Amino acid sequence: MTGDETLLAVSELSVTLRGRPVLSELSFEVGRRELIGLIGANGAGKTTLMRACLGLIPYQGRSSLADLPPQDRSRRAAWMPQAREIAWPVTVETLVMLGRIPHLGPRQRASETDRLAVYHALKEMGLEAFRQRTATRLSGGEQARALLARAMAQDTPLLLADEPIAGLDPAHQIATMQSFARLAEAGRSVIVSLHDLGLAARHCTRLIVLDAGGIVADGAPDTVLTPSLIRDVFGITAWFEHTDQGPVFQPLEVLE
Amino acid sequence: MRGRVFFSGLILAVLVLFTVSLVIGPAQIGPMESLRSLIAGDGGPLTLVMREIRLPRALLALLVGGSLGLAGAAMQGYLRNPLADPGLIGVSGSAALGAVLAIQTGFAAGFALGLPLAALAGALAGVFVVLALAGPRGTSLTLILAGIAISSLTGALISLVLNLSPNPFAANEIVFWMMGSLADRSMTHVWIALPFALLGAVLLASLRRGLDALTLGEDSAAAMGIGLSRLRLTLVFGTACVIGASTAVAGSIGFVGLVVPHILRRWVDARPGRLLGASALGGAAMVLAADIAVRIVVPSKDLKLGVLTALVGAPLFLHMIYRTRREGL
Amino acid sequence: MAVAGEDPARPARVVSLNLCTDQLAMMLAGDGQLLSVSHLAYDPRSSAMAEDARGYHKNHELAEEIYLLDPGLVLAGRYSDRATVSMLKRLGIPVAVFDPAYSLDDVRARITEMGAALRQQERAAAMLRDFDTRLADLQAEVTRRPRTAIYHANGYTTGDRTLSGQILLAAGLANVASEAGLSSGGVMPLEVLALAAPEALVTGTPYPGASRSEEILDHPVVETLRHTLPGTRIADHDWLCGTPYVLRAIEDIAALRRRIEQEGQ
């Protein structure tokens, strides 16, 4: 049973895709007020891990979320996949309202609560002015924000987002990480996969590093982003200091 | 608010067209007189005409059109592709093949629901093959190619079966099965089609939320608690039910499931769920209008409904293909 | 009619390609003169002489098989396959083309023409005398012509300017198709049929195997008329061709007329 303070408990989770082991025996827990950066090189299994946690792909082991009936799970965790798919020319508001589907009964219409959740999500992502715009005609970055707002409107204790800031301009990258931080401060938790270690170091409360199908490090950015880990996992050197303006992480050179 | 006005307008259009359909026919009868004899019923030839000829025809136009519009909207919502029309992707054709086989083997004469059941089985096979070929998100190319292949195959098989029939009329009926008509149908046809059309409509209507969620892709929909394998199953059976029922009694009528959702999409803010009901109404209006038109244009001949729907639908289809190409498929 | 090729002698090895010329030829040809008839002549549904046809070679109206039969004369209908007929003509085979019969006078004319084509004028003349006698017996004086509808698959009906219409008239009935402006025949919509309120209904006989075209004959409107009105089914083999067998069709319809009058009393 998932306690109030544990939003996700994963133990000995393994995934094999097309006969190839992708993840093997991972274990971790996610509590409240966490902004977890999921980092690792390309193909390390970040997307696979998040999808397996949600039970969207076959896996071995245990995930407290995947164990739930789909309807219950959808009220505990929201998911923003990396593929930014918007099939129909709906308005941004309608798009975000789709996030309320798990909260509606079969024939129930959107209530004031639903509209409020949509309003907050739009505001959080700075999309108030885009409400009536057609989502498919927005730029890639704007679409990403709209889809993130959609996931936020689902109003779940846990949010999983797959590279949500890829393709955003610097201002919106920072703003998005700050939104996640606010969610965490408000008592929720966010798991976000990303490649920008600078933003990860600066905003995340915790980093989980994936390499070769396993978790090689899990903890606060300070303790995780050691020169040896950076070297072994990413094959680069980096500069990482706590400054007056917070932690600064700057990748430097590729190691031969 | 806008939505309510829009749906009221659609319902009104369907009601008006239904009434017009009742008062139009080769026998010149005054509109008031014909409606009176439909309702009052004096047992005379006029009542016979109204109750046994025009009423079933109007009811079938309603039922067939609603089925085609609904199935088109549902298939498009599921495949997330505006080119998915049950006629174009070969589902109607395979339903027609099932119906033809049932008629020619005597299965249809054997028991009352033999014909729609066989058409349903044919449609089921068609939907299954299309979904298998098109994959989870049908690209336009695979859909169109699958449609061409299935339509050609079923068309050839229908021709073969009808040409092998000992009945000299059978061979000339290829046109009916390919283009569809509502001429000379009776209440019997209404009764055999209605249960399957209703069952299919209930199944497809239950997909509203799921299709809405699919706007964001399969992964997001699944994460929002939508059971995708159940949704797929419901879609396949629901589509087969409505297309099987309508094809069994009216032949295959193309393009309704393409044109109607395309026109109505903007009025429902492109939401696939709301488009279901709107397309069912719009489809009913389109087939009623087409069936009125064939009786006005050439009253003495049985002009096929598919001729009119194709005249409207094919140019639109070409336009949509052109646009799809510009957008890089 | 047109006879290609001039041969004063009576033609031998005659091959017929058309259901109607098949039957006239079987009736008029001399022993051994007729070689082959079309496959339709073997079908008891459409042919009044299916039994007789067994005595002849069966052809399928294909130029190649006809040519190999080495015919002295080919009998074809106006609507026989044009490609076949013109190819046979090009190959130098005499072809006699017969128009369909639309009236009883046409039937007489076809008998005469067939007699001429086969050089069997005396047999033809004897047949005509017999035909005229029997027809005169059938054409009783009628004071009232009950209005009758002929209804076929696809809602097709035949009016006064068709052989079926003439059969109806000769038997003392009136045809509602002509009232509806379809004297040459055409589609009479179900509702026009219902509102025409005929006094008798003559319908086609369904063919084996099923077809949607024939479903109309089981439509509730037709069913209602069939149950409430005197009527009969058309026996195609007597109605399709302009041969003396139309007299049998007239007899059948005359019997229907007597039933109408009995029920009317």
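Some observations on this one:
So that you can tell them apart, the chains are marked A, B and C in the order they are listed, and the count of residues begins at 1 in each.
The definition used in the following text is that contacts are C-beta pairs under 8 Å (C-beta built on N, C-alpha and C of every residue); 3 or more make two chains touch, one makes a residue touch a chain.
What you are looking at is a predicted structure, and each value in this text was computed from that prediction instead of being measured.
In the assembly without chain B, touching between the remaining chains defines the groups A | C.
The chain with its CA mean position farthest from that of chain C is A. Of all chains shown, the one whose average CA position lies nearest the global CA mean is B.
Per-chain CA centroids place chain A at a distance of 43 Å from chain B.
Separating the CA-averaged centres of chain B and chain C is a span of 42 Å. With centres taken as mean Cα positions, chain C sits 84 Å from chain A.
In chain C, no position touches at least two other chains.
Contact residues of chain C toward chain B in the complex are 153-155, 186-187, 189-192, 194-195, 197, 207-216, 219-221, 224.
The touching residues of chain B, when paired with chain A in their complex, are 80, 206, 209, 212-217, 219-220, 222-227, 265-266, 269-272. On chain A, the positions that touch chain B within their shared complex are 51, 54, 56, 70-75, 77-81, 83, 85-91, 94-95, 98-99, 101-102, 104, 106, 147, 150, 154. Within the complex, the chain B residues that touch chain C are 25-27, 29, 45-46, 48-49, 52-54, 103-104, 106, 108-109, 165-170, 172-173, 176, 184, 186-188, 299-302.
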